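Here come two complexes built around subunit A, the first alongside subunit B, the second alongside subunit C.
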Partner chain A sequence: MTRPRKPTRWLIVLVVLHCVVAGAGFFAPYDPVAQDRERTYLPPMHIHMVDTHGHFHLRPFFYPLRLREGSFDQYQEDASAPSPLHFFTRGASYRLLGFVPSHLHLFGATDARICLLGSDAYGRDQLSRILYGGQVSLLAGLLGAGITLFLGALIGLAAGYYSGWRDELLMRTAELFLALPWLYLLFALRAFLPLSVSPLEAFLLVVVVIGMVGWARPARLVRGVVLSVKERDFVRAARGFGASDFYLLRRHILPETGSVLLTQAAILVPQFVLAEMTLSFLGLGVPEPMSSWGNLLATLQQYSVLVSYWWMYLPALAIVPFFLGYLGLASALQERAGAYNLNEKKSWNQT
Partner chain B sequence: MRYLLRRTFHAVFLLFGVSLLTFLFSSLTPGNYFDEMRLNPQIAPETVAALRAQYQLDRPLPVRYVHWLNAVAHGELGFSFAYNSPVGPLLWVRARNTLLLTVTATLLAWMLALPLGVWSASRLGRAPDRVLSGATATLLVIPDLVLALGLLIFAVRTGWFPTGGLVSVGFESFSPLHKLRDLALHMTLPVITLVLSALPTLVRHVRASVAEVLEAPFLKAALGHGLPHRKLLYSYALRAAANPLISLFGFSIGTLLSGSLLIEVVMSWPGLGPLLLEAILARDLYVVVGAVLLSMLFLVAGNLVADALLYWADPRIRTTASAK
Partner chain C sequence: MRKEQPFSRRRCISLSLLLACASTCSLPAKGLPQQATAKEEFLTLPGEIGRSGGRLVVSLRAEPKTLNPLTAADTISREVIAAMQADLIHINRSTQLTESALAKSWKISSDGLQYTLTLRQGLRFSDGHPLDADDVLFTFHVYLDENIHATQRDLLIVGGKPITVRKVDAQTLVFQLARPYGVEERLFDGIAILPRHLLEKPYQEGKLGQLWTPSTPPNEWAGLGPFRLKEYVAGQKLVLERNPYYWKSDTKGNRLPYLDELVFLFVPSADAQVLRFQSGETDIITRLGADNFSVLSRQQRAFTMADAGPGLEFNFLFFNLNDLGEKSAPEVAPKQKWFREVKFRQAISAAVDRDAIVRLVYQGRGAALWGPVTPGDRRWIDASIPHPPRSLERARALLKEAGFSWSTSPDGGSVLIDSDGKLVEFSILTSSSNADRAKMATLLQDDLKQLGMHVQVVPLEFRSLIDRVTQTRQYDACILGLASFDTDPNPNLNVWLSSGGTHLWNPSQSHPATSWEAEIDRAMERQLSAPGYEQRKKLYDRVQEILAEYQPMIFLASPDILVGAKNSIANFHPVVLEPYVLWNVEQLYFRNGAENASR
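For the complex of A and B:
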């Protein structure tokens, strides 16, 4: 059918994308919470190389925006004061990866603020907020997937290894979780946790909720692997030598589930990033002033924003390359594993 | 028939489990609907306590569950605190709106996916197949939230479509034709979103299963006998490839009530989605349980329909099932 593709290529794409988000401090020109209440809802600015007189400049520059006469939210470029763009410049201080203090930014401007993707209701730079928001969303997705896989592996191992009533009980529960619509489960779990909490607590809550939702499918897959592995000769031999259950599970059975878990991870992470986006979009997730891809989109629920400030939609597009990378990786892994099933992602999404 | 009976039994078991689980989840919630009243100094604590007692919120969980089960057996789904009305009719109106949306979208998606998938499979690896695969891959990486918001912006900027709700203001006074047009316009955006988000999965499934069947010797033989290509594809290949597609169709039916939750909230369509979200935020327990149960009912029914269709369509299943 389709040509088999190497997982490594997708892995490189993903590593690059994650590095950009992890290094948000460096790539973002401003602090994500720095406000500029004089200029709110700036439209995306353009970078120029040629000025109004037709002269070419080697250093890219931009025209600061100023309010149009007699308007309160319509801006126009101020051609009289071009502002050059500086690269590797000193700017707002930040901590790279949370602990390395630094001032260095990829680009910036000294005379005026440059908002390449526009700014929001408080004049905060959208590009910076998207990059920093990506840290929150991706971390939620990754941690959520970690919890899910841990739970899934644990339950799958237990069910597959100790068959009988334990297996029966765990798999019936898994069936219930698979049957419940995904969004309902997310809502229901979120509903029994407190609504107004500090941003950090809210983030942790979201991670836990997301992590609790999806364990059923990996658990079933792991169980399947365990069922076949535990009858293999090397496992029987090890058992014959008197290996304990724990040793067998850890040393011989768990490693065999690696490829299933890896593929599931590639499928789950983008799902969970989307889950965080959904929760935050609906106001059940990460609150302001922290930014996440979901709560950046929440302003679109206001009709006036929808009508006048289309660039508030741009954060939605940030997830698309990540989805592409993870989906590519997942299908490459599945092709490698011989399980040709590209449709896992969508069917899970809708359940 | 025993096969179907067993499946039905399984379905009922599932419904029970889910109702218990949702009840448990909702009851773990700290606080209840009347907590906000307690903050209001104008309402006496005795009144709140009386209300709690009236709705039996002061009773232990197992008692409430049994009570609720009893009510369900009598055809009542409990009482909404927020709307101050029985849950049944409330859900029914919303479910009707949701179904209007999802039935249209599901039918459209399948009507598009079948020819597209068959067409793609019959030209496997050639230009049309490549283009279509690219298109489905693109759609697959655009999450429905992103798609829905994008379409909303498009609607607002062009002004071609209304951006929310079921009908325009003054719908009652429209002529029947005008009414239909108004409703169709309001439905367009959510339906497009739903179709586009369901389409890639469906097309890929159809393509994969038809492509597999096209390799079969009996189809090569049929081709050799000079059967027309179209007949070959649609009445021979598609029928042989129907098995996985029937299961998928059952799944489509199953998600009629639950698949459009988010889209409804984003596009402010007055279906089950917004109702459920409100109910969760307001701790309106019985509405939550009722809505979840109703969509579970659909999921289970969808699976049953798929099983019945498979039983009817595939003689292999009939023989193995009756042998057991």
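For the complex of A and C:
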């Protein structure tokens, strides 16, 4: 048997990625809603170290893009005006993590805008939008997963511990929830909600909606664990000593569900990020001008964008490292839990 | 992305009164000598001589709801019907002048009340049945019948009284009007002459309104247009075939149309239409968005892409000016205090970056607008309306004059507050299926942010949007577009009259709510019966000036008409009037005729 892989590696990757997104204000060079109507659909710009004469420059620079004569969206590099890249520059104001006001940006340029990942139909910087969009999508995923796990754990514990009609009722409800066509219900639900909602309300709505949807599966898993744990000797012993239900659940049973909940969390977060993206892609998520990974991809619904501007696909790539991280973490956790259970069984047999 | 047609109106249906010109006497069909072949009096069309044969495939956004010219109200049905039916006097979509059609000549009496029309001799319906004055009598009788609810009925009521028709002999008819009519003989355009021999019985049985759907058997259908019904496959296509009795010929005497078949494919999305066109499945594409147009132009191989110039569609922002009580609309009513303020609307108009709209939304293939008449409508546009450039300073000054002020918001920006200290925030509705207008809304949102206004954009499904605007009236502001089907002001009566159902900012009023709306009402009513173009133009100019001053609609931009066709299609002369390309469908032909005929 191979030794289970450590989840730490994945955890570090995820923490770094989340820090980048959480600090979007610092890492993004521009305000994500600032339009530059003179430069729409800019292709990604290149960073140079060597200029057209073959000279090497220590400070990286880029050539600003100029519109080709008589064209609407074809640009060419203007080699006559190289613009140096500055690090830790002052730029658009933002609030780090929503609190700390700051002007500091990782990089920027003074004479021209640098759009490393190109710009969109309104000339907004794609890199900034992806980073800020990540805040919305990841937060929605994390909060959604939190709500789901909380509900799932609560319902699973209740159903597994009390059994009888309560178990029946809760598990049949769970089955009903699993059987419902969720996407269409989400549409219907969204349609009932008020017409004009502020971006924050829209965001919370999305979170609550996706959080309410997924509790059935974790609830079932938790219930299974509870059913087996509550018959173990140490639980019976504690009950024999007169422990209350609440004490038993908190002290002995809930901790046993920990590994299941953790693994579920690692699976649910990317799933809910995807749910948020689906809603926003279909125009039911956060409204313009805010960005989220879903509504960044929404422009791809237009055929002309699909065939003309390849960099509009980049937001789809942004989610790949996150999903890899989460799924890697989930499988590492699962392996660990499996090994743990195996060890536990072994030690049982030995006694 | 699917694009719906600009909000179309019942009124504008093919009234098609173009360019009223000053002369009251009849216009001779210009340069079109009549040629008598046997006893048929052909209309000879100038133009390139074509080759017969071939089938032309065109895509339609949806299936036509009906093939009945009486009840057709939607663009798609009308587009199909236009290829199958004919009128007495027709407006040439290219020259925008009237020309003789089924009537070979006409004469208007000096008092402007009597129109005498003479029919061409020896004409036949597509089933071979001859046409005579009784068919025309029957046609006007059913169009004017209240129970039929013909969409063009209101257009045949002049001065409150329906037009009366009298038959003089088998070829001559006299139309009597109660009052002089500013549009003159243009009123006949789009009134399809119906076959009495097929429709009289159903009419007497009261079934005429439901008659003639696409699934009608071809032998129960007849018309006078270039094509006749051949086959209908539900959800897929409608096939028309050449009308062997068509009454137009080319200068060499060949009977038109050149094409053997005209096929309408039902392709619901604009993007799917582009793909079909690219793959060669369809021969012509119309109603292209600027983005798809540039995609096709870039990949140009065997296509001719054409920009026919600004069309008649105008897009605009308007505010809810309905008379709503605090009770019925607690959310909207307090904001209406701002919306009713003329200076507020003028400030918004001054802050709108129209050039950016043309450039970003239409990729430069459009025109900025300051009034409802687009530059495509050269005869009616009021050139004296000022085109002030965007100016945030002027917008701020106007807002200040109206009692608004600015304060600093917690996050450092400046926000606009009204005289009661209330934050100025409102939402703009757009149709979720129209990407162009959604883009305009996003641009406007950013423009108005610079004035400190907090604007939310609410995309809504088109039908529920119209319902909100015209029925429940629960909205703050909305971006919409309207498109006339012809250049005359009359089709827009319903928009400008305060009693009109399409008077969007405050529809169907019993009394004009403001003095300027009353003035528009008077000017529009007067131009209806004003004799001659000059007088009508003067009155309509006044309407445009009032609209530009009071800004009930903040006009934004008008897109160009963009079309494309395969290189092999000849006589391809796109125009800015609907149906853009198929207006001369009888003259379209394939250069490599034989090859396509066998396709």
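Quick note on the criterion: the second predicted complex is superposed on the first by the 317 of 351 C-alpha atoms of A that agree within 3 Å, B and C clash if a C-alpha of one lies under 4 Å from a C-alpha of the other, contacts with A are read in each partner's own complex, and residues count from 1 in each chain.
Assume a residue touches a chain if its C-beta (ideal position, glycine included) is under 8 Å from a C-beta of that chain, and two chains touch if they have at least 3 such contacts.
Just so we're clear, the structure is a prediction, and the values are computed from it rather than from any experiment.
In the superposition on chain A, contact of A:A316 is made with subunit B only, not with subunit C.
In the superposition on chain A, contact is made by A:Q35 with subunit C only, not with subunit B. In the superposed pair of complexes, A:V307 makes contact with subunit B and with subunit C alike. When both complexes are overlaid on chain A, the residue A:P287 reaches subunit C alone and has no touch with subunit B. Of the two partners, subunit B and subunit C, it is B that touches more residues of subunit A. In the superposed model, A:L297 lies in contact with subunit B only, and not with subunit C. By the document's definition of touching, neither partner reaches A:V213: not subunit B, not subunit C. By the document's definition of touching, of the two partners only subunit B reaches A:L324; subunit C does not. Shared contact residues of subunit A with subunit B and subunit C: 195, 303, 307. Interface of subunit C with subunit A (complex): residues 1, 271, 274-275, 289, 291-292, 294-295, 298, 353, 356, 359-360, 363-364, 411-412, 427, 432, 435, 439, 441-443, 445-446, 456-460, 476. Looking at the complex, you find that subunit A touches subunit C at residues 33, 35, 37, 40, 72-73, 93, 95, 121-122, 195-196, 198, 283, 287-289, 301-305, 307-308.
Residues 1-2, 172, 175-176, 179-181, 183-184, 187-192, 194-195, 274, 277-278, 281-282, 297, 300, 303, 306-307, 310, 313, 316-317, 319-320, 323-324, 327, 340, 342-343, 345-347, 350-351 of subunit A are the ones that touch subunit B when the two sit in their complex.
Across the complex, subunit B meets subunit A through its residues 14, 17-18, 21-22, 25-26, 28-30, 124, 133, 140-143, 145-146, 149-150, 152-153, 156-157, 163, 198, 200-201, 204-205, 208, 211, 251, 255, 258-259, 261-262, 265, 276-277, 280-281, 283, 288, 292, 295-296, 299-300.
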